[in-house]
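What follows is a pair of complexes built around chain A, which joins chain B in one and chain C in the other.
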Partner chain A sequence: MFQVSNLMVFYENALAVNELSLEVAEGQMVGIIGSNSAGKTTLLNTLSGLILDIQLKERRKGGEHITVLGTITYQGRDISLMPAYVRAREGIVLCRERHPVFGDSTVMENLRIAGYLKNRAQIKRGIDLAMELFPALKALTRRKAGLMSGGEQQMLAIGMALMVEPKLLFLDEPLLGLSPAMQQKVMDAVKKALKMANTTIVIAEQFARPILPVIHKGYVIENGMLTMTGTGEELMANPEIKSAYFGI
Partner chain B sequence: MARRLERLDRGIKVRSDDVFALNSWREMLYIIAPRVLPVLLLLVLGLAATPYWQRVIMQACMIGLLAISWDLLASVGMVSLGQALFFGIGAYIAGILDHYAGLGPWLTIPIATVGGAALSTLLLLPVLRLRGIYFSMVTLIMPLMIERIIEATKIFGGTEGLSGLQPMPHALVEIIAAMAVVWVALFSFNRMMSSDYGLILKGINDNDRAVMSAGLNIYLYKAQALFLAAGVGAFAGAFVTHAYQFVGMPVFALDYSILPIAGAAVGGMGTMSGPLLGCFILVPLNELLRGLGGMRTVIYAVLLVVFTVGLPEGIFHFIKRKYTQFERWVEVEQ
Partner chain C sequence: MLEGVLIYGFINSVLLVLVAMGFNLTFGISGVANFAYGALYIMAGFLCWGLLNSLGLPYWLAVAVSVAAIALLAGLLFRFVLLRVRGLVISEVIATFGVGLAILELFRYWGFIGFEYTLPVWLDASFDIGETVVDGQRLIMVAVGAGLTLFLWFFTRHSRIGRAFRGIAQDERTALTLGINADLTAAFAVAFGAGYAAMAALVILPLGTIAVNEGYNVLVNALAVCIVGGLGSTMGVIVAGFLIGYAQIFTATYGETHWMMIVSLAALLVILLVKPSGLFGKQKELEERI
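After this line comes the complex of A and B, so read on.
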């Protein structure tokens, strides 16, 4: 369904993503595991098309040259040069890191803004889905999003991404800054969302412990390079992963 | 084979950043030339020009000072839309001291610089706590308000203004003094911004809460920056007052607020040199177009749009990048 081959991203002369190839099959949950500065966010920005916009803006203000090489294929089509907003319409949606929500709007407004492209019935279905996945949001519908806790904002951000009815959903560090209990809650909801929203999910995370048991397939990246691939169980059994991510 | 554009520092730049610069005339020249050449060029232009164009250069210097002051404020996170406030207060203090007390330019200009800075800082002190657009709105409205107060109360000559003030000793003194002050302001502020003190100022723009967490009173620093910037603006006002031997309500006009910002947009913000360069392009250009009559504003505006759309980083940043870095295409191994 979604293939990436030989992807390279340069920020000026620094190589952020190095000859990375990966493949995502429909209906799967795929994990991208890497520590800080491994290139996870750059990778997801590239896959969702945001990098094209960043590239343009940097070039216009005379900032860093960003070079993107390699091909991204989605449902048999090369989408390497497709702008982010077209990709979102095609069903490739990114939920960015640090739970970006519209701080001055209420939870309900946020969900409606996210569903702008959809019709009334779809919006209603989307809101129902978000409320079912994250029951905690039910009591908060009239609350200003900017004043909620990090965990609540993260739940809302995922709910907003699901409003677009994505065929392929990228989650960038959904567990960032959450307590272990909250992490588990979010992961349970993500697992449920995979089935209920009938979608495909790619999660980039540095916390491997809650992620690995859930994913069908995992890619471990270091310094922008792919170092290991395998199913969740295989990676969990790997001694290097154990020492690097579980501290055993 | 895939290619990408690589951008690297020039060898001479890397060498002259280091102590090696002292070993070779070429490296020393590389550092000194971009600082000395503009000074010399302006000096020659200023001395060779006709009296009319000398006035234009003086005007450009004064607008340039306002632009430097604007850039200093902007790099502390205070975007001022009212440079005319500083300019006008300085102009009126100098005019009043000369008209009523008969002090000459050698006394009025220093007093107006310090007094104008203090008065402007006091006036804006209550809005220092406002961030972003609110500070801009207040600064935009203040000069216009003072202009109306003078019109309504008829103080200091009212709409007539104060005329017949003492002139500068000599046209040559005037032009040289104008240039000297511009260069002193530019180089000393640039030096200041790269010191530890400047680091705090830049930090306030970047993340004021982090500066507060470091135990620094950001309002004190903001007030100091405002005092410095207002002083530069007030000097420009006082200087122009004596050059034209007149002060009146037009010193609070919107032009003095807009031109420095236009200069900053054309020249490139954040370096002080950029806005100054922008003013040295825009002010003479404005005079050149004077022969065109009504079309002047149209052409001027179109040029402004072309500059800001075509080179959003600003001319100065563009030149600086070309001077310190080079670009080449390299093949990427895949």
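After this line comes the complex of A and C, so read on.
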């Protein structure tokens, strides 16, 4: 349903994503594994179209010159130049890194803002889904989002992304800064969301341990380049992955 | 005496709230700077005056056309000026302030000065409240102010676009990933705020003449009320409007009238020293805690 071919992203002359091609099939959970600065966030920003906005804003203030090459195809259409908010309407939704919530609004307001594209009934359904996936949010609906813990904010951020009823959901480092127990909770909810929300999920992470057992396919990237591809089990069995990500 | 001060203080407070509401909507709630606000306010007055006196339109139609035209004009201001510098707050402020300056000084240059530039009052009657006489226009202004405030409060909380305003003000990129067209929403915020300015102008200006200098005062008052109240908070605008409004009337009554101008600026300075996020500020509250 989603193909990327020969994607390259430059910040000035620095290459952030290098000749990267990948494919995501409907209903799958796909992992993108890589360490810090491997290019995961740049990759997801490009796939979700956010890079086009960043590029424009940088150009406006005379900042970094960003170049994007290659093609992104979604359901047979080339969407390389489609703005982020249009992609969201088409069902491609990114949940950015560092739990992006609207800090000054309450949890409930956050979910409602996220339901911008949806009608009243869909918003209600979305809120119910978020509460079912993350029961911890039930007690916090009137809490200001910016005052919650990182884990709570991450749960809310995923709930907000699901409000858009994505066909393809990108999660950028959803486990960043979370305790192992909270990581497990979030991963359980993501697994549940894959079925309940009937969506396809691409998850970028540096913590391979909780991710590899649940993904159908994984891409390992280093310095913006694809170094390895395989199913979750194949990657777990790989000695290089073992030493790099599991320390065995 | 005191009764009169209280009543006129109340009216002055509502006037400030009314003037600040549109600015609050654009700059406070949506995070888009529109410092041509005072110019648009005055322009609404002159436009309505022109429609009444040159084209001879009925008053209600002239008011409706002026409000719509000012909102549209602000939309164009966004499209052709603000959009180019969108995301750079200082540039947004400077660009819109420049446009406002140009509009106001053009009016002065064209000779739009004098006592003939007045709008007729909506209601030519006066009422006794206790022992104080209040004219009909001021009462209408209070009613319109209350109505517009209630509408704004409801709109920003319970409408789709109102929620989008809050979204783009807090995190534009996250808003984009949720399918919110940030530029269109911002354009709408500017147009909506300008429409509010025009409505405020058309109920307030019949109380006096349409004077170019008033455009600067309106901007300063709106800015002071919004910052003292806390950017983005409708409740804050109301409370700050009443604080500054009563302070101005008390100053004029028990002090000297010319000190009245300083009250809003003094309030602005004090609040920036004591609590920069404002009385009910939401925007900067988190950062101040950390």
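Simple rule for what comes next: the second predicted complex is superposed on the first by the 248 of 248 C-alpha atoms of A that agree within 3 Å, B and C clash if a C-alpha of one lies under 4 Å from a C-alpha of the other, contacts with A are read in each partner's own complex, and residues count from 1 in each chain.
Everything that follows uses one rule, which is that a contact is a pair of C-beta atoms (placed from the backbone, for glycine too) under 8 Å apart; a residue touches a chain by one contact, two chains touch by 3 or more.
The structure displayed is predicted, hence computed values, not measured ones.
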Contacts of A:Lys195 with chain B and chain C, given as first, second, both or neither: neither
Chain B versus chain C as contact partner of A:Glu12, first or second or both or neither: first
Partner chain(s) touched by A:Val164 [first = chain B, second = chain C, both, neither]: second
Contacts of A:Arg60 with chain B and chain C, given as first, second, both or neither: both
Contacts of A:Arg112 with chain B and chain C, given as first, second, both or neither: second
Touched partner set for A:Arg89, first chain B, second chain C, both or neither: second
Superposition-derived comparison: chain B or chain C, residues of chain A touched: C
Touching partner for A:Leu69 - first (chain B), second (chain C), both, neither: first
Partner chain(s) touched by A:Arg142 [first = chain B, second = chain C, both, neither]: neither
Overlapping contact positions on chain A, where the chain C interface meets the chain B interface: 60-61
Contact set on chain A toward chain C in their complex: 48, 50, 53-54, 57, 60-61, 83-85, 88-89, 93-96, 100-105, 109, 112-114, 116-117, 146-147, 160-161, 163-164
Sites on chain B touched by chain A in the complex: 2, 4-8, 311-313, 317-318, 321, 332, 334
Partner chain A, residues of chain C touching it in the complex: 84-88, 160, 163-164, 166-167, 170-182, 232, 282-283, 285-286
In the complex, chain A residues that touch chain B: 6, 8, 10, 12-13, 19, 60-63, 65, 67, 69-70
